[in-house]
Amino acid sequence: MQIAIVGLGRMGANIARRLMRGGHEIVAYDVSKDAVQALSREGAMPAGSLEDLVAKLKAPRAVWVMLPAGKITEDCIAVLSGLLSAGDTVIDGGNTYYKDDVRRAAALREKSLTYIDVGTSGGVWGLDRGYCMMIGGDKGAVDRLDPIFATLAPGVGSIDKTPNRESRDPRVEQGYMHCGPAGSGHFVKMVHNGIEYGMMQAFAEGFEIMQGRANEDLPEAERFTLDLPDIAEVWRRGSVVSSWLLDLTSQALAEKPALDNFTGIVSDSGEGRWTVEAAIEEAVPAHVLSASLYARFSSRRPGSFANRLLSAMRAKFGGHVEPK
Amino acid sequence: MQIAIVGLGRMGANIARRLMRGGHEIVAYDVSKDAVQALSREGAMPAGSLEDLVAKLKAPRAVWVMLPAGKITEDCIAVLSGLLSAGDTVIDGGNTYYKDDVRRAAALREKSLTYIDVGTSGGVWGLDRGYCMMIGGDKGAVDRLDPIFATLAPGVGSIDKTPNRESRDPRVEQGYMHCGPAGSGHFVKMVHNGIEYGMMQAFAEGFEIMQGRANEDLPEAERFTLDLPDIAEVWRRGSVVSSWLLDLTSQALAEKPALDNFTGIVSDSGEGRWTVEAAIEEAVPAHVLSASLYARFSSRRPGSFANRLLSAMRAKFGGHVEPK
Amino acid sequence: MQIAIVGLGRMGANIARRLMRGGHEIVAYDVSKDAVQALSREGAMPAGSLEDLVAKLKAPRAVWVMLPAGKITEDCIAVLSGLLSAGDTVIDGGNTYYKDDVRRAAALREKSLTYIDVGTSGGVWGLDRGYCMMIGGDKGAVDRLDPIFATLAPGVGSIDKTPNRESRDPRVEQGYMHCGPAGSGHFVKMVHNGIEYGMMQAFAEGFEIMQGRANEDLPEAERFTLDLPDIAEVWRRGSVVSSWLLDLTSQALAEKPALDNFTGIVSDSGEGRWTVEAAIEEAVPAHVLSASLYARFSSRRPGSFANRLLSAMRAKFGGHVEPK
Amino acid sequence: MQIAIVGLGRMGANIARRLMRGGHEIVAYDVSKDAVQALSREGAMPAGSLEDLVAKLKAPRAVWVMLPAGKITEDCIAVLSGLLSAGDTVIDGGNTYYKDDVRRAAALREKSLTYIDVGTSGGVWGLDRGYCMMIGGDKGAVDRLDPIFATLAPGVGSIDKTPNRESRDPRVEQGYMHCGPAGSGHFVKMVHNGIEYGMMQAFAEGFEIMQGRANEDLPEAERFTLDLPDIAEVWRRGSVVSSWLLDLTSQALAEKPALDNFTGIVSDSGEGRWTVEAAIEEAVPAHVLSASLYARFSSRRPGSFANRLLSAMRAKFGGHVEPK
């Protein structure tokens, strides 16, 4: 079927490519004319502006917005909502805060437009592996766009079937899911990323404990110099921690066992923060998800005010001097 | 090759079975005569006592002890060390504390016996999937027992190959690894379990946040009733959190979406505790691994003294009364 | 000077009393006529409605609102803002979210009204000990109301003087402080409560560790039956943890050493949550403040979904059965 | 009464001074002859060796060892135990691990010697304020040494009396306490320090949140430049967080509001680690005490392996690049 893609960065361009490979017709727009031309050479119909893009679509139109979350997406959808007609659909495929989805869906509904939020996981690997999609919004529109989602999804693949799912929605096993009303897709994606933070931090701490086992302060018989690349690899077969993150860990360690190509200053995107805020709103204790987020904050704050205050108190009550 | 198995519980019996399927000769002993007879009917040579077991082995002997960690294993190995001859090997395949391995290996070395510690992951699934093994101890003995480990291991399977491992030990891709001197096998297994705790807790918190999203206290438009079994399943395809633990989560939720067949009182075995202690010994911050352990402690302490003291302080400074 | 108090609950009535003791003239209003009459008998001028209250004040008027944070306070201030005249001041002395203060102050400024937010600590003890006050809002109005704050504050008392404060604002040593623009008073109070949560939890964990030391599972020589009321008391003299919270802990333990008059279900008010949210907004790692909040959440969720999921995973990968 | 002090560092010398001020007779020894001479000039009887020290004491002898915990204390007590006679007492006033106390007390008991462990809080302020003491060991010896403890303790002072303590041990209000058998004194002191870590970290996080509120990324109306020295001072009067640590914080901030005389590299002594280990032994969740310890570990590990691994995984799954 026909769909427009707005935003042809790495994610947007790959989504367009995977859809074209699946036989869909793409109208492509980006503020960068080069990006539009590049995708045009791969078979997309180029659009010179949002007006042009809307004009090139047959009603009911579908526009997939794949831009950085926040003001850029907000503004683009505002403009689109002035150009589209009743019955058209806007899909936000970015990393939008779910409360923004709820608000936008209500605003578009006023204009008889439909808003769909799609959380996607799979990142740079999605073009080939497919995108795992969590979809929120009006059921009718989600059903109408099913060919799009089916093409983008990873499909059943060679993964073992889970028993007791006979009576359940078969799309889920293809790797996409209609989660509920507007906002629910990005909500589920947000929690997914919160869990991802926790899993990453669990691996990070475990590997640091193993790396630290060669420390010369330890008793000699309890000191081990462990081969971390081999440990990551061996766990990939039959162990309880086997996972895609472990696969990637094994790859990274095989390339550079000391990881000295990294500084250890770790960014966070919004999802980890929003997950903790959602937990607090619901009074759910989220020790691990919070600690994972804070570990990233700490990585960016050496010599923080908090730590200096600890030293100041220790100097006051015990005359303790900081180590050099 | 020939090997004895002491301890024919679920783990020990399955290890014996997998070895017999691989063509090895098993001498089997357990305090339960029924367990010995059962395995004997499957092809093992039965032993009536540890003395009998040692007598039935050709030198250099290999005895795999598969008993609950702690005093039972300790005592069994002490008895065996009095029965075996120079050059023989004891393998502890249980969940032993690595410092006990270090101590025992030194004691056995005095008697020219070799001690090997094998951490295994794979649990009840190991008979069919194979056991991921982390091995510590003398290189000569580990190499001599290679046929045993090769049979028990999962093998390469259909898992994607990790690049840049061409010059590395090929056994690792089969799912077993010689980690270093005595104790290092159980040390690596211990950290594995620590990471497992963290991953489990990350999933647990994330799913609780999703479950709590139907809470009636939330604004109606931001309230979602999410289908948790479907979410677990959809994440199995293409998402960053895909993992064996997620596979199992999906199975459990498909069986009983509300998980009301469980009380939520969660045990912990020693490994989580020892991992935190190792982290502290090395001054490694282990926020997530500790919090995961403590979540289990908390699950067993409703109305704890700590919480009562919080209430007592709140009553004192603010006149606050506990909710009913 | 003259001031009105709206809301004559425990906090509001005691504030009125302390002000009357200090020679100020109070106009008092509450939805409960009984509360108004009671305070009237103690010397306050009763008001039958907000209109009446405003009529009884001389311009420029000052109205101290002491109501539960949220809708009740919001509505009351909305009504007052329609009754008051340019140059009048509304003081919110409750536990309002600082972002609500920022918004309200802007709205009142439109009508030439001044909004002051006062965070108070001291709780049920404030009538006698005085209230520690953190004040946000317009400097002119704060200065004009100084006689009110000076009376409510604890005063210098017998507390040791902090050196190097000669050139600093002398009001601070009296126990009240102008923190900055509207919202800053409640912001500082919010962080104060966040710290309070952390300190309380530190004591709670420490005392639980001491209480647990009599546990029969421990080796006999390392098992101690400790007298917790005496420990709390001894620390009050000369130790690093001496604090008002410790004084209260000592009182509570002296009354009931086992604290079996409490269930350990611990409420949280908004401040702990908002403090964590502020930390996240600023990317400050707040491990301890978050963990303190989550401990309270956990106290209210025995058998949580998270914990049941842990049990479900353990059953799946290891065949583990929950303890009874 | 007469007592020997071994170890005349800051702590030992001040303890000797406070005892001499109280009329006790001190026999003083240190490996530094200068330290011995200095104290001799203040009235102590100098000892040239441990043998000399023992010779100068009348039986039953009491020797207070005030040395760094660990090997130095261990060796000193071993030597003393060879020099002393049945009925003599060794007091370890250092920061010894309580399990070492348990072991040593048993060893000395074999020789009819008594071992007392004294945990002291008060640090560099103890000479004037007195030492808060937590005492473990044989009741008879503790009672015999009561004049020593009574002199070292802070005394009742001007601190408000706790109600309901009429039937309790009056020594506790003086600031010293017999906690139980050998090891219990240092155990209680250890937990005290664990709580101290938690309280310090609560203040550290809270003040960092307030310091970070001037951050230019925040919306202008929600951005506050807060005077931290004044905030610490105002909380000293009437607030729930008033405490000795807050007094010291106020002093430190008044001296240097930015605390830029500190680097924020924070040491930890053994007690925080042991407290967490004790919690784990007892299965007590100690989120806050652990997090406080880990914050110190983190302060010493910028660019840790754990953080580099997080970056490596992010690069692998999302192509994310670290910030400069």
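For this structure, a couple of remarks:
Labels A, B, C and D are assigned to the chains in the order they are written; within every chain, residues are numbered from 1.
The rule we apply is simple: a residue touches a chain if its C-beta (ideal position, glycine included) is under 8 Å from a C-beta of that chain, and two chains touch if they have at least 3 such contacts.
Owing to the predicted nature of the structure, the values given are computational and were not obtained by experimental measurement.
In this structure, the chain pairs A-D and B-D differ in their number of contacting C-beta pairs, and the larger number is found at A-D.
On a Cα centroid basis, the chain most remote from subunit B in this structure is C.
The distance from the centre of subunit C to the centre of subunit D, each centre being the mean of the chain's C-alpha atoms, comes to 31 Å.
Taking the mean of the C-alpha atoms as each chain's centre, subunit A and subunit D sit 47 Å apart.
Between the Cα centres of subunit B and subunit D there is a gap of 39 Å. Looking at subunit C, one finds that residues 123, 125, 201, 203, 205, 208, 212, 240, 244-245, 251, 283-287, 291, 294-295, 298, 300, 304, 306, 317 touch two or more other chains.
Only residues 10, 123-125, 200-201, 203-205, 207-208, 211-212, 244-245, 248-249, 251-253, 256, 259-260, 262-267, 287, 291, 295-296, 298-300, 302-320, 322-323 of subunit B touch subunit C when the two sit together in their complex. In the complex of the two chains, the subunit A residues touching subunit B come out as 98-99, 102, 106, 121-123, 125-126, 129-134, 153-160, 162-165, 168-169, 172-177, 179-181, 183-184, 187-188, 191-199, 201-203, 205-206, 208-210, 212-213, 215, 218, 221-222, 224-227, 229-231, 233-247, 250-251, 254-255, 275, 278-279, 281-289, 291-292, 294-295.
Every residue of subunit C that touches subunit A in the complex is listed here, in rising order: 240, 268, 273, 276-277, 280, 283-287, 290-291, 293-295, 297-298, 300-301, 304, 306, 317.
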